[in-house]
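Which chain is which? They are A, B, C and D, in the order written, and residues in each are numbered from 1.
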Amino acid sequence: MPTPTPSETLFPTTRLEAFSDGVIAVIITIMVLELKVPHEDGIAGLLAIAPTLFIYLLSFSFTGIYWINHHHLIHRVEQCDHRTLYANLGYLFAASLLPFFTSYVIDKHMDPFSVSIYAASMIFTGFTFLLLRLSVGRLLRQAGELQQEDIATKRKHYASLGLYIVAILLAHFHPYVALGIITIVTVIWIIPTAKVHDEYADTSMPTSGGR
Amino acid sequence: MPTPTPSETLFPTTRLEAFSDGVIAVIITIMVLELKVPHEDGIAGLLAIAPTLFIYLLSFSFTGIYWINHHHLIHRVEQCDHRTLYANLGYLFAASLLPFFTSYVIDKHMDPFSVSIYAASMIFTGFTFLLLRLSVGRLLRQAGELQQEDIATKRKHYASLGLYIVAILLAHFHPYVALGIITIVTVIWIIPTAKVHDEYADTSMPTSGGR
Amino acid sequence: MPTPTPSETLFPTTRLEAFSDGVIAVIITIMVLELKVPHEDGIAGLLAIAPTLFIYLLSFSFTGIYWINHHHLIHRVEQCDHRTLYANLGYLFAASLLPFFTSYVIDKHMDPFSVSIYAASMIFTGFTFLLLRLSVGRLLRQAGELQQEDIATKRKHYASLGLYIVAILLAHFHPYVALGIITIVTVIWIIPTAKVHDEYADTSMPTSGGR
Amino acid sequence: MPTPTPSETLFPTTRLEAFSDGVIAVIITIMVLELKVPHEDGIAGLLAIAPTLFIYLLSFSFTGIYWINHHHLIHRVEQCDHRTLYANLGYLFAASLLPFFTSYVIDKHMDPFSVSIYAASMIFTGFTFLLLRLSVGRLLRQAGELQQEDIATKRKHYASLGLYIVAILLAHFHPYVALGIITIVTVIWIIPTAKVHDEYADTSMPTSGGR
């Protein structure tokens, strides 16, 4: 595990992880409050909320996959600096807007504009996560632990942001196609950075997971 | 504690536990927001919300017992792979739907259809938990730590899912009997897998609980 | 720290603490959602919500003080059994009802009946906490670590429950006096069991707080 | 890390941190429930909620920065006394009011009175945090670990409280100028006490972050 130059002020990542876990846990769960019991009885009611359930599933997956990537990223370092604390706060802010834009796209019945700002909020989250990745990457570089796979992941990250921009533009003409692109990008990240972690699965063995 | 073959990428379960605790804590608590103060004053008001309180107690117990079983299950391993992280996310997604279907069954005054989808949501949670159990079981098998009791627990799990299906079918004719079956299954799991844990209560003694 | 007889199945208290912290954190915080912005503008609006703010402060203090007592209690043991896990779940269930009965007493403008069930919900929480205390006490007795102060605390606990019953009875005639008694009991617990902890402040020194 | 005189009863700060993280995580996230989907469609809707989003950003930053300062402060000690537990509870109570006063200032369209009580709630949080800082400072002084930088931070704290009082007074005449002052104070705390931490970044190196 990297321990950057002593000239910087460093904190253990324990509380950064605990606080992020708490915030992401609340974000991912309060979205369920958006699901409103339909007026219709029986199967008709269930069908009426099917699109809402799909959007909920999409937002849940998006947030859950980001949590897994957050887990991967912070797991790489044992201590972090101020820059990382603030980048993390920025990411949490962006992520905390998703429940709002989820209810936005649901309330507006997935009209073009609501789908674009839903995609825009995902880009914003992606962008702040990129800043977090860069600030952790900086710590890793200082410790000489930056790897080939990190660069591959960063490239994947840029590609995703590009696809979200395509989704925003497409949303005005084909909102459902835009939602499809968002779904695909979400699915791509399900296998996030498998290769990256091979290495410290080994290094962390002796101390049972580096914790 | 098992440490599977080094060829797989592994993570300590610390954050998986912390994140799951956070999500389950929010799930179990936001259900209380479903309880609405009745219009009637005095004892009449309290009686009016008695069925709601019972459903809340049922959903709380269901989620709480799953948390205890989650605790038991993840306690068996010290590290987990990607498969487990995603199976866990799937379980959390299913569990996060319970507050919604709890408010569904309350708003629809426990009509047959709402009781069946309430039971269906419990099956869904049970099914995703089974996937989580299988993914942890796979890690245990690789480490040669799978035990007789694990197979007994899995059988109990299948029986529960079967009873939930009976509850779904029965709900159309006798919703209250269906709720009774759901209650019984919940109670059965209160003594989850007592025997399973005897063994590492001993092994973990020297290191005070393996943590 | 006591390690009960090996014949029982034991778990480290780490996750019990983490889950309880999560649930109590949500309970204590979602009560703020009960505070509704008044229609009146300016100082009149603030005065209109003053009683609501007082009830919120009371419920917050009640929950916060219970958290501190929970912290004290669980800190005494390093491992717990099934009985403790379920007693803890029972306590969390009782505690989770407080936000509901807080909004009950607020919505009903502190009428006699609402104040009695508010007090009753506090008794219920106190009773389930007593069960938790007994189940932890059982572990301590087995380990020969039960102390004089524990008995003093238990006595204080019984006295509190008695005062809550007086509050329930009084609420029908003098709701504000009943709220006064509840406030006094809450304040009494602010200095919970100071003496009890002297001993393991010392014993835990070498290992920095027994953790 | 300081270990105060054995005559006091002490607790490890682990659970204080975990509980505070949980409460602050819920506080910072439920504020998003205040954001209401606008009635207007398209860009007009987004413009309609722009001021609301700005207030949300301000409250999020305020709470997030306090979390970072809380992290810094509690990181200084390994064990705490009763006084600190209650000072922390007081701080959490004050912080928990922010979501309410955030919705207050939003619902009242940032009128002078609502901006003053919004600023007043920030002062209240600042004041309770000062009490927490003093109670931790007391532990540090007993252990002979109080430093020059702590006094600098305390001075900065007093200055902030003074500026909030100016904001309250100004709010009656120029609510937007008052919001500007609040924003500036928030920004000032982004670089909280950088120098203070240099010292234990070094001392904690050997044990990887003092945890």
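Operating definition for what follows: contacts are C-beta pairs under 8 Å (C-beta built on N, C-alpha and C of every residue); 3 or more make two chains touch, one makes a residue touch a chain.
None of the values given here were measured: they were computed from a predicted structure.
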{"item": "Inter-copy rotation, chain B to chain C, in degrees (Cα atoms; steps of 5)", "value": "90"}
{"item": "Same or different residue numbers at the chain A/chain B copy interface, by half rule", "value": "different"}
{"item": "Interchain centroid distance [CA atoms averaged], chain A/chain B, Å", "value": "26"}
{"item": "Distance from the mean Cα position of chain C to that of chain A, given in whole angstrom", "value": "36"}
{"item": "Multi-chain contact sites of chain A, meaning residues that touch two or more partners", "value": "18, 22, 25-26, 30, 33"}
{"item": "Touching residues on chain C, where the partner in the complex is chain B", "value": "1, 3, 6, 8-15, 18-19, 22-23, 25-27, 30, 33, 78-79, 82, 85-86, 89, 92-93, 96-97, 99-100, 103-104, 107-108, 111, 113, 117"}
{"item": "Residues of chain B defined as touching chain C within the complex", "value": "17-18, 21-22, 24-26, 28-30, 32-33, 35, 37, 41-43, 45-46, 57, 60-61, 64-65, 67-68, 71-72, 75, 190-191, 194, 197-198, 201-202, 204-205, 208-211"}
